[in-house]
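Below, chain A partners chain B and then partners chain C, in two separate complexes.
On to the complex of A and B.
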């Protein structure tokens, strides 16, 4: 039978001790503020169009409308001077000026000059992209056609024109970092208690081993889950699929608490907690980087348990995925969380008994 | 001051140092960050659209596409692998070029190609891929561009890549982690384990202990600074001058580390101070990341005088005359820090016979 009063006392003691550690108290508060600041400093939207200014007095309206279609953010101007001013003012990165008599010159077999206005800040790959675009516009103006038909297949959700903002891609990474930082605090607390033999001293009181693990588990899960949820609340991340997100973060907190127990079982002091913790942190963060760099995703990533947390958080946060879409992830996460928690308890029990 | 005792203490540091977490971290972290920067800026932050191709014939389009800066081109052996790459976001768009593709284009015969588009790809990348591929097809078909393009550069700005902007931060990090954190943690640990008190009752003076720990930090800092510059292929045209600047930078970092170690009692406080004060140490490199911030603000921070000469030498080809004033300030700062350390070393034994033990 679990002793509720005893556990409450232990939880209060542990939380007090964690916040007495200046380093962990600092990074907990500083971390929360910093992560929220990073989120709000990142762009709130992603403009995924190719912007350009166009001065083309001789281009038919039909073609202008065609150019203004998907993917091109076209600004039409009335003069060459206005076009250059727009580039310098940063209204668009590139300006294209086609001569007024372009069509007549082409029909006469001449090769007219077209101006491509740009600034030196434009990366070389974009400069070439705009050059190719200008050539293609010229081909279209001159009426030269190609007889190629492309059969397009869009794979995955089509986000054209409604890209995920960089800040929202970053959010799963921030949530995972918060969970893991609290793991280090818990591991540091437990290892110092083992090394200081206060844990063994506690066991000669009416407290039993299971009370100890329940209280440490509650502290670890509570602190990690609470802070991750706080970040999502402040950043508005809970506006879509809040229950799925809460479930994923709760299981994530259980997983990281188990990892915290394991770290505490191998570490002797704060330095070794940091040493093992940083290695663990790097491994567990890899799946979160895959959300930032989707092209790098490979199948072995699925061997890292945090993949199931990150993928669920990403899909629920950014696509509003419900239970039906992520239940398999949650099931794997639950299984690994329970396994790590149990392994962590076993490792700790071996160390102090 | 006995050089022999300093050498004995340094050899002990060299033997035990590599087993310390901070030593390993100081070696591994800058290398990992360099790799991460290559990874990030070679992929997500590069604005080149990614095109995948399956060439079922022997199309010229593959070679032509690979020659374009606007595209990052990958080839795949089968349509299934191309589709998987597009589904996983490894490419923005994939095209299957059928056998006889070039001949069909040249003949003007209607031709069909299968295109796989990654749903999350940006519209501008789809436009660039589509336009570039069309442009290359026209080239294969023998269609000459109907216009001559004249590129006109406006304004006097310059393009600074993110890799170049981040280099000062990574170099500064490698210098500070090795130079400051290693001696600081070593001193604090010695205090916590009371081995500093034990050392103090031997003929070794506090000044000699500080010097040995500082030399270890300096050496590590210098090696890591050099390694990071080599990894980033940023060694500049004046290696002798660069070595001198790195040497002085490492000396300043080591002096900061020894002072931190002398004044701070425990590891928790040390990490807290480093976390809180880190922004001051890294501020010049953070300011350099954003050219729109007035760059003179960086001069207010001491580490500016160690990192700006490095950047000037490796990225701007600066020589002695260009960096001499900043090196003068750097030497003055090092002398001031060494003066404070000497004061601490002289007074501490007289005051309590040991240095603020934990």
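On to the complex of A and C.
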């Protein structure tokens, strides 16, 4: 039978001790401010326009009209030298110079040479995109039309015109970091109680081991969940699918609290909690990086328990996904959270003995 | 005879192949102070852990306040106070907050923290963080913490080890006050002088077994020899020592001879210490 008075006493004691630890008090308060600041400093919209400098002495008007559509920021220059200067000055990442006699060469059946200027910092995938663009321009200049007609069909949510802003891609990562940082505070507290033998003193009072686990669990889940929710509230993230998000974060807090118990069972002091915690943090944030950089997605990432938290938070936050879309994620998250919490308790119980 | 509140029946505990406590049996009466003496590693702390429900005995059983500790540890722990050998206080909390925390855990109503702090000589320092306390102050706070629930039995594990005389004396006074209140005290120590001063009975434990258990007086009578040391002056002016064994059949004749035949300069009696007796019984000292 759980004793409410004992639980309340232990929870108050634990929260007091966590905030008496200057490092974790600082991390908690500073973290909250820093994460919110990072969110608001990141761009609120995604600029997906390709900028291009073009030197083409014989550009037909029709080409200008065709190129000045959505998604391309075209700058026409008067000379090859001006084109290169614009690239170096960062006015546009790529410059294309077409020969003055390009049309004549094409008509004569020759292969005109076009020049592509780019900086070393240009990512390879963008370089590829500009090369394709050059080929497209070459077709337009030569008056030829592609013999393939392409039809676009958007699968899943159509993000045209409402791409996910970097700050919103960042939120799942912030949520995982917040959950784990608060858990590290709990792990450090438990570890110090084991090493300082204060738990030994608690265990010769009417308090039972299960009271201890319930109170530690409440502190761990409460702090982690509370701070993650606070960040979502401040950043406006709770405006879409708030109940799904709350459920995901609650299960995530349970999961990380279980991990915190495990860390406490292997660590000897705050430094070793931090050392183990950083390793754990790196593993747990990999799924969040997948949201930031979608190209990283691989199937093994689903083996990391935080994947189901991150994916749910991402889909609920950025696409407004409801229960129907994420219930499988939540089910797996619940199972792993319960399993980790139970394993954490077992590891700690062994350490107590 | 007062009722026994601690009964150990063939208590046994071993860590792997090492037998720490081997079939130990004894009882402690209500209101009694039992000194539990032995060198480091003799099995004192393991015995205390079994009596206080921190360890499950591998054999035998511990009955405390009429309850089998292994089965009803929490019921027993609600009525006892334990002061550990190693300081285990919440160092970042104040002394008063440490005591209040444990008072709440024990469900003590109307807890007077200031009175308890005053009892152990920590009045005026209650609001300071424990990490600022000296070793003696921390130990006094440990004793105070063991008293928050007005325990019927007080288990004290080396409560005065390494303390300054003032702190040690403060703790001894508290122990005697608790006995006067009617509490039973189980005092684990390897300080034989302290045990002799405080204990109604003492138990010697060595290599996990109790080798002697009785009042200090009876142990001294049984194992020790009372001696009389006399310093006498010889005719040539030299000083020599003479020794008379007391409580012997011919003691009075030996005394008479000493005073009639020699010039006695100084005289004093000496009785065996508990340490002498421990060495006599076990063949080794306490350290």
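Just so we're on the same page, the second predicted complex is superposed on the first by the 253 of 353 C-alpha atoms of A that agree within 3 Å, B and C clash if a C-alpha of one lies under 4 Å from a C-alpha of the other, contacts with A are read in each partner's own complex, and residues count from 1 in each chain.
The rule we apply is simple: contacts are C-beta pairs under 8 Å (C-beta built on N, C-alpha and C of every residue); 3 or more make two chains touch, one makes a residue touch a chain.
All figures in this text were calculated on a predicted structure; none of them were measured in a lab.
Undergrad: Does the superposition put A:113 against chain B (first), chain C (second), both, or neither?
TA: Once the two structures are laid over each other on A, A:113 reaches chain B alone.
Undergrad: Quick check on the superposed pair: does A:179 touch chain B, chain C, both, or neither? Answer first, second, both or neither.
TA: Neither: A:179 stays clear of chain B and chain C.
Undergrad: Go through the superposed model and pick first if A:88 touches only chain B, second if only chain C, both, or neither.
TA: In the superposition, A:88 contacts chain B only.
Undergrad: Figure out whether A:21 sits in contact with chain B (first) or chain C (second), or with both, or with neither.
TA: both
Undergrad: Thinking of the overlay built on chain A, is A:293 touched by chain B (first), by chain C (second), by both, or by neither?
TA: Touch partner of A:293: chain B, not chain C.
Undergrad: Touching A:348, do we find chain B (first), chain C (second), both, or neither?
TA: Neither partner.
Undergrad: Touching A:131 in the superposition: chain B (first), chain C (second), both, neither?
TA: A:131: touches chain B, not chain C.
Undergrad: Name the contact category of A:326: first (chain B only), second (chain C only), both, or neither.
TA: neither
Undergrad: Which partner does A:244 contact after superposing on A: first (chain B), second (chain C), both, neither?
TA: A:244 sits against neither chain B nor chain C.
Undergrad: More chain A residues touched by chain B or by chain C?
TA: Comparing chain B with chain C, the partner touching more chain A residues is B.
Undergrad: For chain A, what residues appear in both contact lists, the one with chain B and the one with chain C?
TA: Touching chain B in the first complex and chain C in the second, residues 21 of chain A appear in both lists.
Undergrad: Quick one: which bits of chain C touch chain A in the complex? Just the residue numbers, please.
TA: Touch list, chain C to chain A: 52-54, 74, 77-78, 80, 82, 84, 86, 88-93, 101-102, 104-107, 145.
Undergrad: Tell me, which parts of chain B touch chain A in their complex?
TA: Residue list for chain B touching chain A: 20-22, 24-25, 32, 39-40, 43-44, 46-50, 68-70, 83, 86-91, 95, 105, 108-128, 131-132, 134-135, 137-138, 141, 143, 145-159, 161, 185, 189, 267-269, 271-272, 275-276.
Undergrad: Give the list of chain A residues in touch with chain B in this complex.
TA: 21-24, 26-27, 30, 46, 48-50, 70-72, 84, 87-88, 98, 102, 106, 111-129, 131-136, 138-139, 141-142, 144, 146-161, 163-164, 269-272, 274-275, 278, 282, 292-297
Undergrad: Mind pulling up the chain A residues that touch chain C in the complex?
TA: 5-6, 9-10, 13, 16-17, 20-21, 196-198, 200-208
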